[in-house]
Each structure stands twice: as C-alpha cells, then as structure tokens.
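Listed below are the structures to be examined.
You will see chain A twice below: alongside chain B first, and alongside chain C after that.
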Partner chain A sequence: MSMNTFPIIRVVTKLLIPYILLFALYVQFHGDYGPGGGFQAGVILAAALTLYGLVFGLEAAKRVAPPKLMQRLMALGVLIYAGTGVATMLMGGNFLDYNHLTHDVWPQVLPSGQHLGIFLVELGVGVTVTAVMTMIFYTFAGRQHIT
Partner chain B sequence: MIASQLPVLLIVLPLMTAPLCVLLGGRRLAYLLALTVSACVFGISLALMARVLQSGPIHYDIGGWQPPYGIEYVVDYLSGFVMLFVSAIAAIVLAYAPRTVELEIPGSKHTLFYASYLLCLTGLLGMCITGDLFNVFVFLEISSLSSYAMISLARTRRAPLAALRYLILGTVGATFFLIGIGLVYQMTGTLNLDDIAHRLPREGGPRTILVAFAFMTIGLCIKMAVFPVHSWLPNAYTYAPSAVTAFIAATSTKVSVYIFIRLVYDIFTPEFAFDLLPLDSELTTLALVGIFVASTSAIYQSDVKRLLAYSSIAQIGYMLLGISMGTQEGLTAGIVHMFNHALIKGGLFMVVGCYALQLRSVQLEDWRGAGRTMPWTSMAWALGGLGLIGVPVTVGFVSKWLLLTTAVQTEHWAVAVLMLVSSLLAVVYIWRVVETLYFHEPSGRAARAKEAPLSMLVPTYVVIAATLLFGVWTTYSAGLAGRAAAALLGAGS
Partner chain C sequence: MINEFTMIDVAILTLLAATAVTVARIRDLWAAIMFTGIYSFLSASWMLSLDAPDVAFTEAAVGAGIATVLFLCTLALTGKNEKRFPRFSPVPFLVVTITGAVLVYGTLDMPHFGDPDAPVHQYPSPSFVERSQDDMHGLPNVVTAVLASYRGYDTMGETAVIFTAGTAVILILRKEEDPDDKADGSEEEAA
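This part shows the complex of A and B:
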C-alpha cells in the first residue's frame, strides 16, 4: 500500500518536491564556486524522485522517470564526461585539458576555459548519479526485473 | 597529433564505447562496436609498444597537469608488454564470443554484457598504464565491478552466488589495497608512483610503511588468488559464461600480478621487501604449497572448468616463484609466464567453450569419446594441455625452463625439484581429460555432437598456434620480459 491515502503526507510532499529539485539545481550549478557538484546534486535530485515514489507508489515514479530512460541516462552522463575530454583533445590539448575550451563568446555569461570544463564534467556526473540512484531505488523497491 | 594522444585513447576508446553500446541498444550493433574497438585497442597497444622499443618510455599528462600534481600515464617495457597481451586476448575472445554468448546469456542482457566487457578491458588496461597509485585503485574497481557483473549474467542459478562471493572477497582485497594507499599517502604526501618511490622512507622500516606494505600485499594476494586466499576463484570461473571465463582467466589475475611487481620492485624496492622483510621466502613457500594443493585438487575435479580454475591457482604460484627469486632472470621468468599462461589458459578455456556449446555440458563424463566427433576441438585441448604441462616447443616450456635455470643458478635446489615434480601433476590432470576424449566409448551426447563452428574454432586455433609460435620464437615474449625486468631492477637500485 502506498502512502497515497494520507492527505497530509501527500500535500507536504507535493510542496517539498519543487524545493528539493531547486536545491539540487543550486548544488549542481554552484558546485563551480563552492561546496557541491554533480554527485551531491544527483543524489538530491534522485531523493526527490525517491520521495515521489515512496508516497505516490512505484508505478507513478516510473511514469515520471521510466527505467529504460534512466538506463540510457546512466550511459549518457559518462559520455558527456568523456566527451568533454575528447573535445579538448580535438582542440589540440591533452585529454581533459580545459584550457583549450577558452572562448570569447559572451564572456560575462557563458563560462569559459577551466570553468567550462568543470561545468560540463560535473553535468555528466550529475546525470549519471541521478540515474544510478533512481535505478537503485527501483531495483530495491521492485525486487524483480525492471527492464 | 593523434600519435601523442595514443596513451589516453587506449583507455578512452573502450570507456566511451561501453556507454555507447547501452545508449544505442541494438545487440548486433553493440557486438560490432565492441569488436571494432577492441581490435583498435590492440592496434594502439602495438603502436605504443613499438614506440617504447624505439624511443623509451612514454609519459602523458592528463589534463595538461604536470606530475606529481596531476595524473600521469606511463608506458614502459613492463606496462606495454602486459597491455599488449591483455588487449590481444580481449580482441580474440570477443571475436570468438557471439555463439557462446547467445547460448549462455539471456538475450535482454547482451548489450549490457558487451558494455561490461569493454569496461573490464578499460579497467585492466588502466591499471597497467596509470602512473598514479590512487588511479590504480579506481581502475582496479572498474575492472572488478564489471567482472562481477559479467559473471552473474550467466543463465545458471549458481552464477549470481559465485559472483557475490567474488564480490565480497574482491572488495575486501580492494579495501586492503586502499588502506595501504592511504597510509603511503600519509607518509609521502604524494600519489604519483615515481614520486612515491623517491620519497618513501624505508630506512629501518617505519611501522606505518610496514603496515601499508602488509595491507597492499594481502589485498593484491586476494586479487591474484594466491593459495590461502584463492577461494573465490574456482566458483567464479566455473559458473561464469565461457567467454567471460576465457577473458578473465587470461587477463585479470595477471594484471594484479603486474601491480604486485610494480609495488615490490618499483615502489618498495626488493631491498625493503626481500632483505628487510622475509617476503621472498614467504612467497616461495606459499607459491609451492599453492602449486601442489591446487594441482592435486585439479586432478579430482569432475567439472572441466573447475579443473582449469584450480590449475590457474597453481600457475599463479609459478609467477610468484619467479618474482620472489629477486634476480633479473627470475623476474624475467615471472613476467614471461604471465604472458605464456594468458595464452595457454585463454586457449584452453576457449576450447571448453566449444565443448559447452556442442555438448551443452562441461562435466568430464559427458565428454567421453568426443575426440571422434569433435576432432579439431579435441586436438586444440591436447595442444593447449601440452603447453600447460611445459613440453618443449610450447610457451609453457619457455617459462618453466627460465624458472628452473634460475632456481639452479641461485641454488634453490628444493624449489627446482619441487617444480619438476609439480609438472607431473599437470600431466595427470591434462591426461585425464585427453584419455576421456580419445579412449572412451562415446557418451550419448558426444556421439550426437558435431564439430564446433568455425567462428569459434578459428580464434581458438589462433591462440593455440600462438602458444606454439612463442614457444620457439621468444624475441618478443621472453626478450621483452627480460628488458622489462632489467628496467625494473635498474630503477630499483
């Protein structure tokens, strides 16, 4: 039985989830300047999904984040990370040499150089960690084959 | 430009293709991608080895950060040599794999299998190429985790249990290794292997360094499956899918041996390990006891995969014998036996896969008389078996001859005699299978069986032919191993 029948829990959850998601994004994007980063943000994002799954049931969570998609996202995150490295190689540097990502496009707004490199790499980490944590939740909650 | 990026491409190619296999999703496509990439990786390691032979060790700074601050990749004689045979075996086993994978792994898991295979290859090559101690641990975990996953993919219900046992022991080993790394880092303040070797205080054996060395040695012993801590290996090899067994048996424990050699000869130096500490006599004892116990166990197995698994534990003993002698000749023998045993055991497990496909069984009693209906496969077993015993004109002879001459030169008479006696045990367990294949009335299964398909026989014979070729032509096996050993001992003193 899911906790769908308890109105207080349902309402509080619906109130909380947007703030959890927002906090995840804050941790993701603020990781370049202060404590935080892709791993922590991914876990927080997955916590929001897990909470949703606990309250509204596994099936509802799977409609929001289908397992097939999560499996693809796990792979995509790794590709973003390694792809950043390959991009720096194509631009003439060593693998993950972010100095070669320096550019002059809209300098006040878009990150550049080392900053851009870390940003992309952490994005990859965030995507993979979100997907992996969610899949771990599905696997334990479902106790059967999920794909 | 591409030439200077080769060291990192070796790791990045399989690392990126693995998620690509999952992302694209098609079984056929995943296989073709994996096969192409593993062939490319073999090409890259050939090119790297050629460059090392021409102009000495190659250094590559990840992210443009200079060592010891950044992570550095180093290709020298030893790492180049190990990477060469690991990538070669990976490519050949993958060429051989599709038929057995279809039989032994559920269809929905095929893409995941090919992704894990590439990740395992990434981890093994990464352990060899990296010049950073913590990076070694990371790659060790990548290769181990993906091999647990691959073992558990088999259809048999025992496979997940075998994988879990391997996971628990493997994790204990990896944790021990990590504790050692932590202690070394505390004492030296650096993780770069070269830098550690220069900064490590060895005089008088400070306790932290002793403890670190002990943790790392025991952790690696578990990963290498040295005799008293080998219990994960037989089940893991027996219940894994045939292609996985062939790949892991040929490469995974060897790479751990490689790390162990680096640790003893490069970082802690033989003076510390062998003179200050009695590691050499301990290793010799464990190796010899292991050879006898494991070979005797192999004789009594009714499951051929398990028989070969026990034989693998014994063969690790020969590598340790070479390493523990502490001389250049002994080290050469240990290193070249890594290569030789990878060929022999890879080849033999590939033969077992052929039988598993055609007879649907790896129990010895079901193989009775299969020599008549599957003559080529059976001959491959006989040839590979000769290599395992160490008959002249096979690779097994090269390494055992080197070991024997070193033992005699350094007047380890007991070791020399015991080694010869232990080879007789190998004769017994190999002959048991040969006899069953050729001199028994065919069992029901064997009488109905057909010869294994060419797509599997050809790769198997490539490996078996290599065991004969490198038994005669040793320029690039024992020759390279000798140069690697000389470089290690030169740097250590």
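This part shows the complex of A and C:
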C-alpha cells in the first residue's frame, strides 16, 4: 500500500493534510453557523487519515491513530451523544431537551442551552464517524490476498 | 430561460450520465473505480450548485475519498478485470428497461424543479424556519438545528447505526491473528 518511492506525492500529501484537518475542525465546530456538522467533519477527518495511510503505509497511519484507541472512540461518540440526553434528564428536562443545559458560568465564552446541546451531540457524531470510517479503512486495507 | 446556471447544470448532468455509462461499460475495474470517483466529484459539484454544501462535503469525502480507497483495497484482493459475458441475456435487459421506464414515468408526477409550491417547500420547512431563530436562541443554521435539536432522536439513532455498522465490519473482516490486539494484553481489562 505504501508509496514511499514517489517523492512528489509524499510532499504534496504532507502539505495538504494540515489543511484537510483544519477544514474538518472548522466544519465540526462551526457547524452551528455554517454548513456542515459532525458527520461531515468526521468523514473529512477520516479522509485525511486514509490519505496518510495510503501514502505512508498502513503501519504509519496506525501509529498516528492506533486501532485500539479508534475502537474506543467509536463507542465514546455514541456515549457523548446519549450522555448529553441523560444529562438533560438529570437537570430536570426530557431526554435531549437542551434548554435545560442553560447555565450562567462564564456566559460570554461558554455556550449554553441549545448551543451547548448541539455542540455536544455534534461532537459525539464527529467522534463516532471519524473512528468508524478509520476502522473500516484499517480492516479493509489490512486484509491479505487469500490464495 | 437559458442562463449560466442552467448551462452549468446541463453540463454537469451530461458529464454525470456519460460517466455512469462509462462505469457500466468499462471492463477494466481499476478504471471503473476511478470513474466512480469522478462521478462522486461531479455529484458533489452539482450538490454545490443546488446550494447544499454539506451534502457536497459528504459526497466528496465519502463517495470520492473513502469509498474509492475501499474499492481499491478490495481490488487488491480480487482480479483487475471484470468477467466477460458475451451472451446477450434478454430477461435482465427487459427488467432493467421496464424499471427505468417506470422510474421515468414516476418523475412525470413530480413538481417542477425549484417550484415554490412543491410539498418539500411547504411542509414542514416554513414552520421550522420561522421558529428556529427563537427556539435556538439565535443559531443561524436551520439544517443543524433540525438535525441536532428538533430531530435529536433520529440523529442519535443514525449515530448508533454507524457505530453498529462499524462494529459489524470489524467483526467480519478482522483477521484472526491481529498483532494490534495482543500487543500488550491489556485489551480484556480495559474493555
């Protein structure tokens, strides 16, 4: 899978990946205001990892994003999402009723209410999608020719 | 009637159709995979011209990026060329033709492109667009508000589906002897 013999591809990839990662973070954390959200950010982030794995080899990608960590992140994202719902229940509302997340700790900086709820669930979606897409790439690329 | 937007739409749709026919006809699977990537990028461009940038992101990243890589990984395990079936089989041809004709017949009943009276523009969008500014305390993106807040249950279900799909792929495709899993033996305690 590795393309270590193509210097142009290696250099261009190294130049591109920071911008792909930055764009993924922008799509994730600016999703309430601009287009995008957790799913889009997750697949863009996973695409960056996949590109890295294609060019520098599967082992290099696994050193950046270890499969054991990714497996846990798959579940962690769903946990963040459902946990947000449970948190709203503990604060006296219905499941995923973000209005009960309203607080007045540092009001100008920390988001509150619907902002906070949407931020958290989109974070959960992003984490799960990144981890699942990366794990699918690892499992596909890790298969050997069976003959 | 013909403005620059119509010309862009017609150009992209023509290229889409040409790419689709090429994918169906080409026997070299490596080239076919590259053409599916091109198809995805063209779809993404078209989504963008329809003012759906988030769908365009998804199409470009999943369709052209990740799916193409997964196809290539699969191709590394199989042959490079599709098997040739020289015999013309009338039954599949008939089924495909009838299905296509039914689909085209179905489009005759659809509202015109951009029709403001189309059901999709009548329900339930206006109520959400009117309410979301107040409900969301000023968050401007109605799409995100609908997905993450009004329909938070659905999106949680979708996230769970993605998680389940990923788990299933890992369970089915993971090699028996994966060095990553027995590297430190802390797997069982941590899990």
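Methods note: the second predicted complex is superposed on the first by the 142 of 147 C-alpha atoms of A that agree within 3 Å, B and C clash if a C-alpha of one lies under 4 Å from a C-alpha of the other, contacts with A are read in each partner's own complex, and residues count from 1 in each chain.
Definition applied: a residue touches a chain if its C-beta (ideal position, glycine included) is under 8 Å from a C-beta of that chain, and two chains touch if they have at least 3 such contacts.
Everything numeric here is computed off the predicted structure, so don't read it as measured data.
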One more residue to check, A:V55. First (chain B), second (chain C), both or neither? neither
So, A:G83: does it touch chain B (first), chain C (second), both, or neither? first
Between chain B and chain C, which makes contact with more of the residues in chain A? C
What is the contact status of A:L123 with respect to chain B (first) and chain C (second): first, second, both, or neither? neither
Output check: A:V132 vs chain B and chain C. Expected answer is one of first, second, both, neither. What do you get? second
Pick one for A:N94: touches chain B only (first), chain C only (second), both, or neither. first
Which partner does A:V27 reach: the first (chain B), the second (chain C), both, or neither? second
Name the contact category of A:G142: first (chain B only), second (chain C only), both, or neither. second
Contacts of chain A common to chain B and chain C in the A-superposed view 71-72, 74-75, 78, 82, 85, 95-96, 98
For chain B, which residues are in contact with chain A within the complex? 1, 5, 8, 12, 15-16, 18-20, 22-23, 60-64, 108, 115
Residue positions on chain A within touch of chain B in the complex are 71-72, 74-76, 78-79, 82-83, 85-86, 89, 92-99, 147
Taking the touch rule as given, give the residues of chain A at its contact with chain C in the complex, in rising order. 1, 27, 31-37, 39-40, 43-44, 46-47, 50-51, 54, 62, 66-68, 71-72, 74-75, 77-78, 81-82, 85, 95-96, 98, 113-115, 117-118, 121-122, 124-125, 128-129, 131-133, 135-137, 139-146
Taking the touch rule as given, give the residues of chain C at its contact with chain A in the complex, in rising order. 53-54, 57-58, 61-62, 65-66, 69-70, 73-74, 76-77, 135-137, 139-141, 143-145, 147-149, 152-153, 155-156, 158-160, 162-163, 165-167, 169-170, 173-175, 178, 180-181, 187, 190
